[in-house]
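Both of the next two complexes hold subunit A, though its partner changes from subunit B to subunit C.
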Partner chain A sequence: MIGTGKIKQYANVLDKPLGKGKQEVSLSAFAFLFSELVQYNQTQVDNISELETRLEDAGYAVGARVLELLCHRDKGNRRETRLLGILSFVHSTVWKVLFGKVADSLEKGTEHEDEYMISEKELLVNRFISIPKDMGTFHCGAFVAGIVKGVLENVGFPAVVTAHFVPVEGQQRPRTTILIKFAEEVLRREARLG
Partner chain B sequence: MAAIYSLYIINKSGGLIFYKDYGSKGRMDTNDSLRVASLWHSMHAISQQLSPINGCSGIELLEADTFDLHCFQSLTGTKFFVVCETGTQHMEALLKVIYELYTDYVLKNPFYEMEMPIRCELFDINLTQVVQKDRVALLGR
Partner chain C sequence: MPPAAPRSGDAIFASVERVNAELFTLTYGAIVRQLLTDLEEVEEVNKQLDQMGYNIGIRLIDEFLAKSNVSRCVDFKETAEMIAKVGFKMFLGVTASVMNWDADGTCCSIVLEDNPLVDFVELPDTCQGLYYCNILSGVIRGALEMVAMKTEVTWIRDMLRGDDAYELQVKLLKQVPEEYPYKDDE
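Presenting the complex of A and B:
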């Protein structure tokens, strides 16, 4: 039979190689979609913490899938087993794939052993969002916190992840910090591994 | 020196959703600014009907003795107009930039209800920056 041209036809769609995917997506399209996600969830909940939980759950689903994809594409089906390894994976690889740049900084918490912080001057998802004064401490970065949580939990490092605004002197807009608090077992395992 | 006196944004039904005055002249209290907005909305609509040219999109420039009024209407009917000193240059370009800021920081904000008054911090911050830059550029000339 004469060849079907340059593209190799696969009998089963599951055999097709996982492509690199589109490197660039319209920021405006994402901003509108995210805005609609927030608005939709606002109609379904009674208070702010529920809204944050919902956004976090949405992010969790994204995190779980991104982890699988990245492990297959970039890491050759290997996954990190050490704390610092997984944190730098999230801070660099995951951020690069999702937001086009690595996160601004990764710090260890000074007060507690189990706390780590990823900071950003301004999260991409928050670029066009102004929180009204009456919403208090609500942070749309709960979505990104959910993504980090999804990645960490599915890799074996259960944690509680939250997003916070941290005011900075000299700047009108506060920085955003994603606070990661690891579960007990993670620290015990880490100590055991030495 | 060329200067902007005030900026108005009105929604498609003629209600004022944003008003900012920049100081020197033409300050108005809330009621007056609302009146000017609905007045302009009606005049704009009437001018579209009166125009001898087919397909007229309404008044774009009003020149008076003591001020100029530049108006920009988006495809959706939202009008941006600025009252400025006579002879100020590049107001159309400024209005287009403000329209872009509106689409970015107001329309992509999930907490903004359509056609309601604009209360978005980011919009205010960026607007101030743009007008400041414009002023500096004008003064530098």
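Presenting the complex of A and C:
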């Protein structure tokens, strides 16, 4: 095509400029894509916990890359080293970039020292998903739990992250809680840092 | 009551709810990576992506028709314009262009310069036969089949393989008239 402006060809994808991250696609495009992800994984597994694991693995990959992107672009190549810092990074910055708003709440678990919870009234990925009764406790938020896990593990805070439905009085649809349970070494390091 | 005027792609895109394109890009990357790990053969992955796109396309067409208020397209040329200008804009936020019409108007190319699926992507040497965006060809094929057109959609140019744009060739194979389940005289 002669005459139309050609996009500059970069030999290496790493040389391409990052972009501001303001580009958008429609929610339905993402919802369709996510539903295909879940449907494809349903054909590959035998039970619910395997399905959740696969969704979590997919989310893990997304989380690792989001971390690198955000640290470089928004945080000026500085990353958090303290527990509360990284939690608020996930709760505010990561959520804002991925879902357009900060998470509804961040709480510390009352029963265990190493547990923290991020709550959301309705996860974006669950907007168009309904869980049939025979799938019990299955939660597509496992994908988001995977994203959080990907971010935390790659920043040096290994954790077990899961997603749960929490029924709320007066509300028809239950709230979603992402439960983060940090590994022991994280708490020991945090105590040492004072 | 006169039918509402068809809306432009920009107007629809501005009115739908939107999400960050990077979430979309990274999720698609996770899907392709999962497929590559499970299926291992690049050809199988291409087929699976096309199938997934087909599944999306047959549902996407309903939303497209509902939101865009388009009336029946008179011919295939109009259909292709609709896909490029309205369809791509309202779902992916990018505009495509249509070119290279053949003599009888059944085959054209849709060219995309900007593609949100492929940000940050590089194909390694082991995956050179992969059509990374093959889901798009499935979406178009599925959507058109639901409006009575059987088409064949193939990739002509792919930026991940070194070309300068993304070019999809859409070829109309035949129009399948809608079949009514009841016979008129029974």
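In this text, the second predicted complex is superposed on the first by the 175 of 194 C-alpha atoms of A that agree within 3 Å, B and C clash if a C-alpha of one lies under 4 Å from a C-alpha of the other, contacts with A are read in each partner's own complex, and residues count from 1 in each chain.
We adopt the following convention: a contact is a pair of C-beta atoms (placed from the backbone, for glycine too) under 8 Å apart; a residue touches a chain by one contact, two chains touch by 3 or more.
Keep in mind that what you see is a predicted model, and the values were worked out from it rather than measured.
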| item | value |
| --- | --- |
| Subunit B versus subunit C as contact partner of A:Gln172, first or second or both or neither | first |
| Subunit B versus subunit C as contact partner of A:Ser28, first or second or both or neither | both |
| Touching partner for A:Ala58 - first (subunit B), second (subunit C), both, neither | second |
| First (subunit B), second (subunit C), both or neither touched by A:Val38 | first |
| Contacts of A:Met135 with subunit B and subunit C, given as first, second, both or neither | first |
| Contacts on subunit A seen with subunit B and repeated with subunit C across the two complexes | 28, 32, 34, 36-37, 39 |
| Parts of subunit C lying in touch with subunit A, wherever the complex brings them together | 13, 16-24, 26-31, 33-35, 38, 48, 52, 55-56, 59-60, 63, 90-93, 113, 116, 119-122, 135, 164-165 |
| For the subunit A and subunit B complex, residues of the former touching the latter | 28, 31-32, 34-39, 42, 128-132, 135, 140, 172-173 |
| Interfacial residue positions of subunit B with respect to subunit A in the complex | 104-105, 107-111, 119-123, 125 |
| Subunit A residues touching subunit C - in the complex, by the definition given at the top | 1, 6-7, 9, 12-13, 19, 21, 23-30, 32-34, 36-37, 39-41, 44, 54, 57-59, 61-62, 65-66, 69, 97-100, 124 |
